[in-house]
Structures are given as structure tokens and as C-alpha cells.
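Per-chain numbering from 1; labels A, B and C assigned in written order.
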């Protein structure tokens, strides 16, 4: 067992941090307040290789792995979890095409997505419930050699700014009467595809999320991703590994932000003539946050090491995601407590951390769903 | 002009945004800089950026040179990741305690060893020592013409560069014959961010370590012994003031501030 | 009189005379020479050394501020911006006349000439000294800032001569004395030029507004001022108070102020006004070293724990814009009533 990052990974973290401190940190509060999605910053991240970090060089990516992706997401989320969410959900589309696409699809879509010239999205959830994944109302029917998609998606990240969206639709039922889903790659500009309402979120703002409407949306058969009837595999495979990895990494960034701010505030804030860092209650809450950070980090990067070694890791990501997102909420709450009245002022990012942390909970599966999976696996 | 060979001097310094954490151990009277990460001196990134831009225009190679302890390998890798082609770490116990004259002597020895270099770029000053002396002294050791405060740099007809320099109340443009040493200021450019592709490429680029024995050094000016200046005591100035709070509505505060100004002797 | 063991101040010329920092150094040099006299029994002469294309008028000033002797080094090639040639003649003169101490103003010009000279005569040079004094052995103790001014270190040059130091403008005070003016000594060194360095053009920049270092009141703004619009309020307030406006580096980077010459701190100006009024400034060491000697310091910041408050006599925990507006209103009301 080797728990250390390679020198290359350390250097990568350092260079990403430099970018984030210069281009993201100063703007993060403003973007959050205005719920502004800075596409130009996304493009820059694309040029630097962030958007396609795990895409092989032959498809225009940086040729690194999911561990490096998580390092990037953690660093971005340290200052703007919302921007990290934008990047992370873009990468769900990238990962789906990379892992389930055929050669033509990879050649066609990955270079643009990996370089950040194109924005991607993965849209699965429907109003009937995200946890009840297979219960799809969106349909895909073959007519005159084209697939015609109809339905309404919700909670779709990058709904209005994506150039390439992977959507799932019900294309039939199996012998037991269960829905059979198929994933399609749909490009913006398709007259049958339009973004619906943009949701106003209280956390993870910055990242766009909203409805996506498919209205007689015609796509050619070549746009089927991962094979007809394999939509559930594409969706679940991508969300349960790449999505949960992403939410874990974003949570790590939030926890670290809380920890760093707690330490700073505790040392600067004087009460009774002494910094509050001398108070044991404050020390304990900092210790708890540190432990949460280290534990979340171990769980997350362990799962990532498995993923990059192409070993089974779905359960590991489920555990990491559950723990890390919940730990982020705890950390953000402690940071608030630590700051007393100042914590509730919008002059400080404490409130943003808490809102972002809470918003990580449902993304890529709620805590309860995570527990259902872990319990099922444990009980056998 | 095609194919300039450029050397960029890179000094690893404690991260300048954390100098509030620098202190002095009251017992040992030595500097405490624990936990402050070491980064490339910010202006040296501008120097490297200037070199990379020239290379992109005219071709050639860019070598990063650093005289520093072995750990500086990390910073040189960073320079390689940003785009330098090769890196040289000048590291030897004999270099310890060098002042600017001794430092620039070693850097000059390395430039000489690199072979015919057309242009040496440095930052105007370091963030830690900040003497702004090394570049001119390097130029003197090399016998090259040298200029400081460069805010613009352009390769001219064969063998010359145009250097725009920023002074207090004017901008002066020079034509300088190569080889030359030029130190740059912040306004010359905005250093690029390092890409992941750069990070990957850096691992494969050559990084050599040279010790004193590898270099044509002048023994009379080597290290602590050869440095004309000697460091004495260090101390931390106490700048704190008593800091009373002025409270109230904006109008009340304004009134209180103006009253303090009058008390300080201003006629308002 | 050949200046041997003397204390030299290298005087930089300006459009209308000499840079003020030279006068500051001469005044300090006069004190240092006196102290050296006490320690060693023989007081060195204080020399003002002026280089340039021809002799400069107004040398009385140099005597008045502390020079015992004025050495005028003239050559037609010694045009202001040929720092290389100024350095060359100074190095030759130093070798020839062996001064004990040589002081430079750390202007753009001085900070280029000084290290060049030091490297030529192979002696030590201490940069940007915050203080200079003479120790019990008669050595020049040069107190230099490091880490943006967070730490001060003493530098000595025990073995080699001369002992050389540069000092930023504004660190010492120019104090006129009543010494009579003398007759400057003029030397005309030999000097060659080649094609290695040539001045192509000089673009003068008109500097508007009150010079920071001369203002009684300095209004300084930082990143927390927030916008160019808000910055206008600081300018308006400065107009009402007869103040000069200074800035931190981030404010400069935002383009709210007109140029580098308005920046206060390690890489900018050192100011010591009667009153310093700071808005939206965090109090990084880099900035604080440039304003620490101000008389009264009042700072406005929304962060109750801002570092700058530690260096302030009074703090206002409030929005910069609101306070600036209130001050303007109050001053205008005062003017009309």
C-alpha cells in the first residue's frame, strides 16, 4: 500500500492551485451571488487540460487518470464548488463517451470536449425520480431510420450551455416488463432539443442546472451510445463511479476550505485577550474537521486508485461519496459555529460552504441511496 | 533572427503571500519560515514567460538555471512544466551563504558552461532578499551588456534586441547587442498557467545538477567565505499601534475621522 | 583632498536639479561621518559625486544638505539613461580614490548603477537599507529589509572597500544645515562607447496629481475599494482634503489608478505623511513597510480582523464606499456652512 501521490501528481496539484488562486478564488463569491456560470473560465481550464484530464492523448486529452481529475476537482472546489460542479458534470459526458463510445464517437466528440471547446452534459434524471432510475417517461422510437426522442428531463447540469448531451430514453421493455433504456448523444442545435427552466439553486450555484425538453428530437442511429438497450449501464456506470468520485472530490475541496478558514479565524479572532484557538472547544472542532478531511481523502483516493487500476470500485465510490459529502456538511457547520455571528454574514464564505456542502448531498445519489447500496452489499 | 539560446535564472523563494508567517525565533535569533511552501520567485516567471514568447516567435531553446539547495529540483520541474526545455540546478554546500556578488558569480559560471548563450533573463528582484542586484552583477561577471527594469522585449535585426525599460517618470527604449543580460519587471507580461500537458512533458525533460567542481567558478568569491557582505543580527520591527475602534453611523464615523484629522494638525 | 576613505554620496540628476534622495543621503552621511569621527578619531569628508554630460547648476544645495566636497564628473557621453557608462566612470573613480563608504539612492537609476559598480570593484553592496549606522569598530552597519520588510537584517562589509549601500527615497530626511557652499571639483574622465547599448527613445510621462511622497495626507486604497467608480470617490475625497492618492498592488492591477508611481510598499513608494487614511487594504507586509512611518493611521475595512488594523491608530469596520461617501458629505457640508 502506497498512500503517497507521485511527484507528477504533486506538481499537477500545485499548478492547478496556482490557476485556481489566481483566476477562481477572487471571483468565487461574486459568481455565487449572481449565480453566474463563467464559461470563459471553463474554456481556460479546457486549454490547460482540466476538462479532458483522463482522456487519452490520441483523443485530445491530457492522458492522465481519474485520480488526477479528482485532484483538479478538489483544488477548484477549494475556492468554488459551483465551478467544480460545472467541470465535474461536463466530465460525466466525457467519461460516458470515453468508456461506452465506439471509435467513431470518440473521434468525433472527445477532442472538442477534452479541450473545453465544447461543453458536455449527462442527462438521466426525470421528474418521476432520480433514485427510481429506470422509471423513465422519456421515450425513443425508431421511425424512418431515425430515433425520435420525446420527454422532459430535470436536474440536468449544463442543461442550457451544453454542446453535447448524453440522454437516456426508454426504448422498450424486457421480458419481465421492465423498462429498457438506451443512451443517445444529442448535439445542441438539434431543433428537437431545448433547455427548459433553469433552476435557482441555493447551493452549488454557478453550475447551471435545469430542465431539458426533447420534443420530436430526431437523432441518427449512430448517436446511440454503448449499444441499444444498454442505457442503464451507461447511466449507472458513469454516475456511480465518475459521478460519485466527482462529488467526493468536490466535498474534499469544501472540507479543506472549511478547515483552512477555521484555522485562520481561530488564530485571528481574539476573545478574553487571547485567540480563540486556545479554547479547547474550538480546538476540538478543528480536530474533528481535520479527521473528517483525512478520512474522506483516504476513502476517495483509495477508490480512485482502484478505478485507475481498472478494478471494481463502485462500492468504494458509494462509501466515499456518502462519507465525504456528509463530512463536508459537518465541516461547514463547524466552520459556522466557530465564527459566531460572523459566520452568518455574507461577507464571509462560511454560508456558501454550507450551502454548497448541502447541495452535494443529493448529487449522484442521496445519502440514503448510498446507505441502501452499502447495506445491501454488507448484508449480502 | 532565428534560434536564440536563452538562459533564465530562477530563484526558489518562500511563497510571498505568506510572509506574515515569517518570524524570528526569540531564542536562537534565527529565521522561522516553517510550513511556508517554496515557489518560483514571481518575477522569474515573467522572465521565463518572456523567454518562451521569444522562443515561440524565433525558435531556439530555453534553459532554466537555479542556484539552490537540492529541493529546488521541484521548482525547476515547474519551470520545465511551464515550458523551459532544460534545467540546471547549481547545488553545492560550497555555495551556501553566498551574497549577490557570489551568487551572480556562480550563475555566470553556469551560463559560461552552457556554451554560447544569446540572452540571459532574470527577474528584476527576488521576493525574499529583494536586493535587485544579481542581474547587473551577473552581467558584469559575464562581461555582457545588461539592463534592468525591462517592461518590453523584442528581438531586432541580427544580433540585437530592443529593451523597453520603465523608470520613475519615463520609458526608455534601448537597442542592446547580444549576448546580454536583461532583468524584467511585472508589467512585461502575464506568465502563462501551466497546463497538464506541460506537467507530463516536464517529467521527460533533462534536469542536470552541477556542483562547484563542474563549473568554472572563481574561488575567491565562493560562498560565505568569498562573499564581501556578512549577515549580522536579524530582528523583527514592531510596527503595531493601539488601534481604537471608531463606531457609529457612517455620518458619525466621518465626523470622528475628521475630528482626528484636525487633532493631527490639519486645517480642514 | 582626493576623497580617500571619504563618504561618498552618488547624486542622481533630475530634470531640474538633483533627486531628493541624494539630499536625504547627504544629510544622513553628515551624521554618519560625525559618528565615524567620534569612533575613529578622524572624520571623513562627505562627498557628493555628480555624474553627467556637463557640470550641474545649483550645487549650493548639495553643500547645504551635508556635502563637504562636490565632485563633478563630466563627459558628453554621460547622458542620463546610459547607466552603464555612469557605472563605468564611477567604478574607475572609486578604484582611483578609494572612498570608505559609497551610498546610492535606490531609484531606477541608482539600483542599476550600484550593483554594476559593486561588481566592478568587487565589493559588497547592501540593498534598500532601512537604516545606516556606525558600530563601535567604525564599520557601516546596513540594516536591510527581507521578506517584504517583515524582517530586518544587519549587513556588514568588514574586509572589502568601499562599503556600499543603496537607500530608497524617503527613508531618511533631508535636513538642511548652514554650511557654506564651496567650489565643486570637476573631473573629465576618459570614456569610450561602442555599439553594445544605445538609447533609442525616451518617452516622458506626465505625472498628474500630487506626488505621494510630498503629501501631508495620503489616501490609500486597496482591492476592497471594489470598483473604478468607488475609486473616483477616493479621488474626490483626496481633492477635498488636499491629499494624494496611493494604492496597493491589486488596486493597481485592477487599473483603478494611473500607474506604478502610485503604489505604496516594498516595490513602490515609501510615504510618511501626517495622516494616512486607508480603504479596503488587508495589511500585507509588502504594503505596510511603505506606510509604517506615517503620523496618524486610520484604516477602513469590512473585516474586523484585518491585519492592517494592527498597524493603525484607529479602525473603522465598515464598507469603504460608505465611509468615503460620508466623509465627502461631511466635508462638503463643512465647506458650505
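In this section, contacts are C-beta pairs under 8 Å (C-beta built on N, C-alpha and C of every residue); 3 or more make two chains touch, one makes a residue touch a chain.
Bear in mind that the values here come from a model prediction, so they are computed numbers and not experimental data.
Enquirer: How are the chains arranged in terms of who touches whom: line, ring, star, complete or other?
Expert: complete
Enquirer: In terms of CA centres, which chain lies closest to the overall middle?
Expert: That would be chain B.
Enquirer: Taking contacts as defined above, which has more of them, A-B or B-C?
Expert: Taking the two pairs in turn, the one with more contacts turns out to be B-C.
Enquirer: So the centre of each chain is just the mean of its C-alpha atoms; given that, what is the distance between subunit A and subunit C in Å?
Expert: 53
Enquirer: Would you mind pulling out the distance in Å between where the CA atoms of subunit A average out and where those of subunit B do?
Expert: Their C-alpha centroids are separated by 39 Å.
Enquirer: Take the average of all CA coordinates in subunit B, do the same for subunit C, and state the distance between these two points in whole angstrom.
Expert: Going by mean C-alpha positions, subunit B sits 21 Å from subunit C.
Enquirer: In their shared complex, at which residues does subunit A touch subunit C?
Expert: Checking each residue of subunit A against subunit C gives 265, 268-269, 342, 347.
Enquirer: Which part of subunit B faces subunit A closely enough to touch in the complex?
Expert: For this pair, the touching residues of subunit B are 74, 77-78, 81, 193-200, 202-203.
Enquirer: Which residues, counting only subunit C, touch subunit B once they are in their complex?
Expert: Spelled out, the residues of subunit C in touch with subunit B are 81, 83-84, 107-109, 111-112, 114-116, 118-120, 122-128, 141, 144-160, 195-205, 207, 216-217, 241, 260-261, 266-267, 274-275, 277, 284-286, 288, 292, 295-298, 307, 309-318, 322-323, 325-327, 329-331, 334.
Enquirer: Per the contact definition, I'd like the list of subunit C residues that touch subunit A in the complex.
Expert: So the residues of subunit C in touch with subunit A come to 302-305.
Enquirer: Which bits of subunit A are touching subunit B when the two form their complex?
Expert: The contact residues of subunit A facing subunit B are 7-8, 10-12, 14-15, 18-19, 22-23, 44, 47-50, 53, 62-64, 68.
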